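The structure appears right after this line, and notes come after that.
We call the chains A, B, C and D, going by the order they appear; numbering starts again at 1 in every chain.
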Amino acid sequence: MDRKPFLSDNAASVHPHVWEAMRLADQPDSPYDGDQISARLDARFSELFGRECAAIWIATGTAANCLALATMCQPHGAVVCHEEAHIEVDEGGAPGFFLHGAKLMLASGDGAKITPEGIAALIDPIRDDVHQVQPHAISITQASEYGLSYRLGELAAIGQFARERGLGLHMDGARFANAAAFLGGNASEAAGPVDTLSFGCIKNGGMSAEALVLFDPAQADLVKYRRKRAGHLQCKGRYLAAQILAMLDGDLWLANARAANGAAAEIGQAASDRLMYPVEANEVFMRLTATEREALRAQGFDFYDWGAESARFVTAWNTAQDDAVALRRAIASL
Amino acid sequence: MDRKPFLSDNAASVHPHVWEAMRLADQPDSPYDGDQISARLDARFSELFGRECAAIWIATGTAANCLALATMCQPHGAVVCHEEAHIEVDEGGAPGFFLHGAKLMLASGDGAKITPEGIAALIDPIRDDVHQVQPHAISITQASEYGLSYRLGELAAIGQFARERGLGLHMDGARFANAAAFLGGNASEAAGPVDTLSFGCIKNGGMSAEALVLFDPAQADLVKYRRKRAGHLQCKGRYLAAQILAMLDGDLWLANARAANGAAAEIGQAASDRLMYPVEANEVFMRLTATEREALRAQGFDFYDWGAESARFVTAWNTAQDDAVALRRAIASL
Amino acid sequence: MDRKPFLSDNAASVHPHVWEAMRLADQPDSPYDGDQISARLDARFSELFGRECAAIWIATGTAANCLALATMCQPHGAVVCHEEAHIEVDEGGAPGFFLHGAKLMLASGDGAKITPEGIAALIDPIRDDVHQVQPHAISITQASEYGLSYRLGELAAIGQFARERGLGLHMDGARFANAAAFLGGNASEAAGPVDTLSFGCIKNGGMSAEALVLFDPAQADLVKYRRKRAGHLQCKGRYLAAQILAMLDGDLWLANARAANGAAAEIGQAASDRLMYPVEANEVFMRLTATEREALRAQGFDFYDWGAESARFVTAWNTAQDDAVALRRAIASL
Amino acid sequence: MDRKPFLSDNAASVHPHVWEAMRLADQPDSPYDGDQISARLDARFSELFGRECAAIWIATGTAANCLALATMCQPHGAVVCHEEAHIEVDEGGAPGFFLHGAKLMLASGDGAKITPEGIAALIDPIRDDVHQVQPHAISITQASEYGLSYRLGELAAIGQFARERGLGLHMDGARFANAAAFLGGNASEAAGPVDTLSFGCIKNGGMSAEALVLFDPAQADLVKYRRKRAGHLQCKGRYLAAQILAMLDGDLWLANARAANGAAAEIGQAASDRLMYPVEANEVFMRLTATEREALRAQGFDFYDWGAESARFVTAWNTAQDDAVALRRAIASL
């Protein structure tokens, strides 16, 4: 039986336009990021966000997140994030490595989103002395680990809080496109007032390139030295830059995200009472018993269990509409 | 005028077979290195080297070198290498990052090769006490920074020295294929008794994947944790694994290296009295005055100055034979 | 009015026997730890614990803890400790520094003690893959942050758990003497089956030396290299070694701890219904309202608030019996 | 036979005034550096140097040097120092640890002193790109490893060079007092325009405290967080602060240094043709054959060989004048 994949978007095939751009990059040029394609990134992202920024290709979201955080957190400081944030749970301790032992401070919050109140509750009790690690930065995830999108007002509030406390603000945007698509398609609004953004491409039809966007371009130098030092400066960088530009051309990033979000929305309509969270990106979390999950798998659907009583379904840019409909119906029929 | 490129092999185009393999990988599979292509690496390299080994894809030589060294050097130790080794001169301090502050100890040696005698001269004066950093490992480069290939006897001698001193032995093989081709095409002989090998593909027709070969497969776990922690575990790893396998299939790695070596040899024949080193791989270092270099550039040849009185020409898998011949003649005519 | 100090034991004066030993050390000898006094530590602690161990002086408990943990946790691993452990809360991120970015994993437990069940609840859900940091070691505190002493059976259970899981086991013994005194005065029983012990002296009448005890003496080399590398190898180490030996001579460590424990017990008898924890060392935690605390301070007692509704009283080797009695009465009269 | 010690100043006994100050500190006060003695350091050093500075006690010169360098060198940068500098040769890799993998760049220079020209020769060839580690700071040693004192003009020139290149400037002053005494006794002149100074006390009659002097007091916060994080914040810090103040009181630091320098000068007069370097502090390096060294040792003199053909004699604050005279005569009689 043909399997219908809802495991993750992180292993989906590469979009044809990305392939095409990579092929066009297959001619001699300068190594590293000295090529003509890499040179276009800053301007292209400045245009996208409507303000001057630097954009730097990096092969993984983990490295992009960590290099971003290195611009805002010293080794003796800490980064506040949600207790289920990817940087805490799924990056193999990379922040500790890239930040030379800095800590992650774990805030609570519904749907893996954090709020100024939640952050304040975490950091206000910290004594202002050398015995306790002090927060230097905040990292939020757009869309969150549960597929929720921060609204403009929420972002503004966190941004203001960060400024008041003198904290840097980073956004892990592994699924930034999905959040932006959900929020109406405006990149700048979806990013809000963050200082740095890991602009995800790989889960959205790319192959091996994310863009680290620095809204303070003066930080680019630091990131570039650290990228090299982390073994992340690829000598044929033009193939990475090309992927990113292909995602932006003709707003492919939004089109792909809309397709994925649409499929997720389709599934979400199966049974609103099963939904753990509203569907605001390309992930659907549903309460399903072990027996029900078994039944779905028996019908060819692949997905991850999420704890003992629920399941996670992830759609991708290339999720077949038929598969989404089939899954919706299968759940509805349980 | 069409430029004839001899700047470096590190930005050459990607070989068609590599492209083809990447396209074949463009179908759903498990993420990270759980895919069926990545799963083939260990066996394929074990076959190539005639002994059991683990092989792990990594996007850059810098990261491959550093992750290899992390298996053999503790943070309070040191790695002995040549004073002009890539890890010392051109990797932006990556060893210091990956090894948590371990030192590089710099040995001298003709043609950027090191010998047991040279290493002993460096480390024998080190007092065996905690005030001085102790060597934990040796790193050699095959072919060397000057395009010289370690012979079997040289490798055996270093290997024996390393064992006697209890030091790990790493080989930076960014141009391993070129050395192996020069030495007769036997991978195992070209690697000698090293514990770890950064098996280069990118300079030899690949795009974004090197293979880290661990001749003690028990070290694979450590490397995999550290690879993840360094943000180097790509979620669509199958595209990297595919590149590496394509290089091995039908011995493409040797064919490409032989082509590059052949072009270098052609150039080397221009003027034996100008040669700084014998041509044993795909690099040619020649004494050329500034005026002579200017004359060559005026004829369309691109290359790097190497100090004030010489130049470096690097060939690649796709160097046009006509270009090499033209360069040979141009130099001979100076 | 004369203040009666119950703030902490960490700034108490130095015991006369310690002073005397330091003065006796004030003659020429070899630098660092090559002197005759440092040379006696291994044997002296082996005798104390009834098994072969290495003992190394270190100026602070923070450094002792971290150097101990460095023998059992790799940079990509984690140390399990209580969420209120000193290494997590009060050491300024030192474990992250000394362990090169390794994580602390925070277990819950009454009275800042942890149990095999609590640890299992924390680490069992960790997937055995490279995306999640794996535990390498456990650290417990004897006596705990709330002045509770692990009993022999508790220590045995944690030791067995650690062995079964392949985890190192460290004991932060900043107040080890107080626990040992409470448990009957047998050092070996109070340490249980730990691999490393930070044997505290400073809070117990010393000035500037703790002893790091390694029950696997083969680890001493690693610790000594790391101690030097951390700038903790003092050239006049004999003054530190002398402090430690003075603490052991005639079981001064136990006598001092008994004095402190006795004073704490005295205070604890003031009002058993106010006690948050039984008094098993030299700390007393009591429920006291802000008004009550104010009243005590007005009578000359210094102590720390412990949250909004309680207070912490710490006694030391030199706490005046009269002061303890006075505090007991003052609390009883509230 | 009574041995006459010229091995090193690093294990000499503690000066009576230092002992006395420590005893006076033996009364209750706030822990860490919150005590009244520590609180006096900033003002006392500001007075000594005639400009505002912060002064922080640290137990070892290694830690003081590294914490100073951490204010001026990022993890991806480098510190330029002499190839025989203590931080390179004798600190067990501590700079790599404290600076998170930053490099030391080794300049040459007579008598272990470096010059703007020597530094320029080292760093000018470094390409301004991410592939090569960039210098962030310079560290010089006053007096140098060979007992030479930088003159005011030399310090001014290095200071100007550092400013022009945007590099921080640190001075390792393990024997700063000896240099200052040699230069006339003015602390400010002996420090020149450095940004940070490790003001040594231990080799000059102290026990376990050096002062890190920050001529930009705004850096004190960073150093204090890093000191804690490195396990160097002792809870009974008043005993360290007391040592330092005792050294400054009545210019004991200069008196002690003058005594040591005088003894070295005495020895230096034995045979000017044997002197490898002029005697400008408390170290004497002399050409002496193995036979001659053996003869001296047979007469009761203890000292270190310095290579195969010379010896190092170090005097201390308490070197007996008779011993120095005896050594002078013994050498003269060889």
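Please note the rule applied: contacts are C-beta pairs under 8 Å (C-beta built on N, C-alpha and C of every residue); 3 or more make two chains touch, one makes a residue touch a chain.
All figures in this text were calculated on a predicted structure; none of them were measured in a lab.
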B-C against B-D, pair bridged by the larger set of C-beta contacts: B-D
Centroid comparison with subunit D (C-alpha atoms), farthest chain: A
Centre distance in Å when subunit C and subunit D are each reduced to the mean of their C-alpha atoms: 34
Rounded Å distance between subunit B and subunit D, as computed from the means of their C-alpha atoms: 43
Centroid distance [mean C-alpha coordinates] between subunit C and subunit B, Å: 50
Junction residues of subunit C - those touching two or more other chains: 75-76, 91-93, 96-97, 100, 130-131, 225, 228-229, 233
Interfacial residue positions of subunit C with respect to subunit D in the complex: 5, 8, 10-14, 19, 23, 26-31, 35, 58-60, 62-64, 66, 91-94, 96-98, 202-203, 207-208, 225, 228-236, 238-240
Residue ranges of subunit A in contact with subunit D within the complex: 74-76, 100, 130-131, 134, 222, 224-229, 233
Subunit A contact footprint on subunit C (complex, rising order): 75-76, 78, 89-93, 95-97, 99-103, 130-133
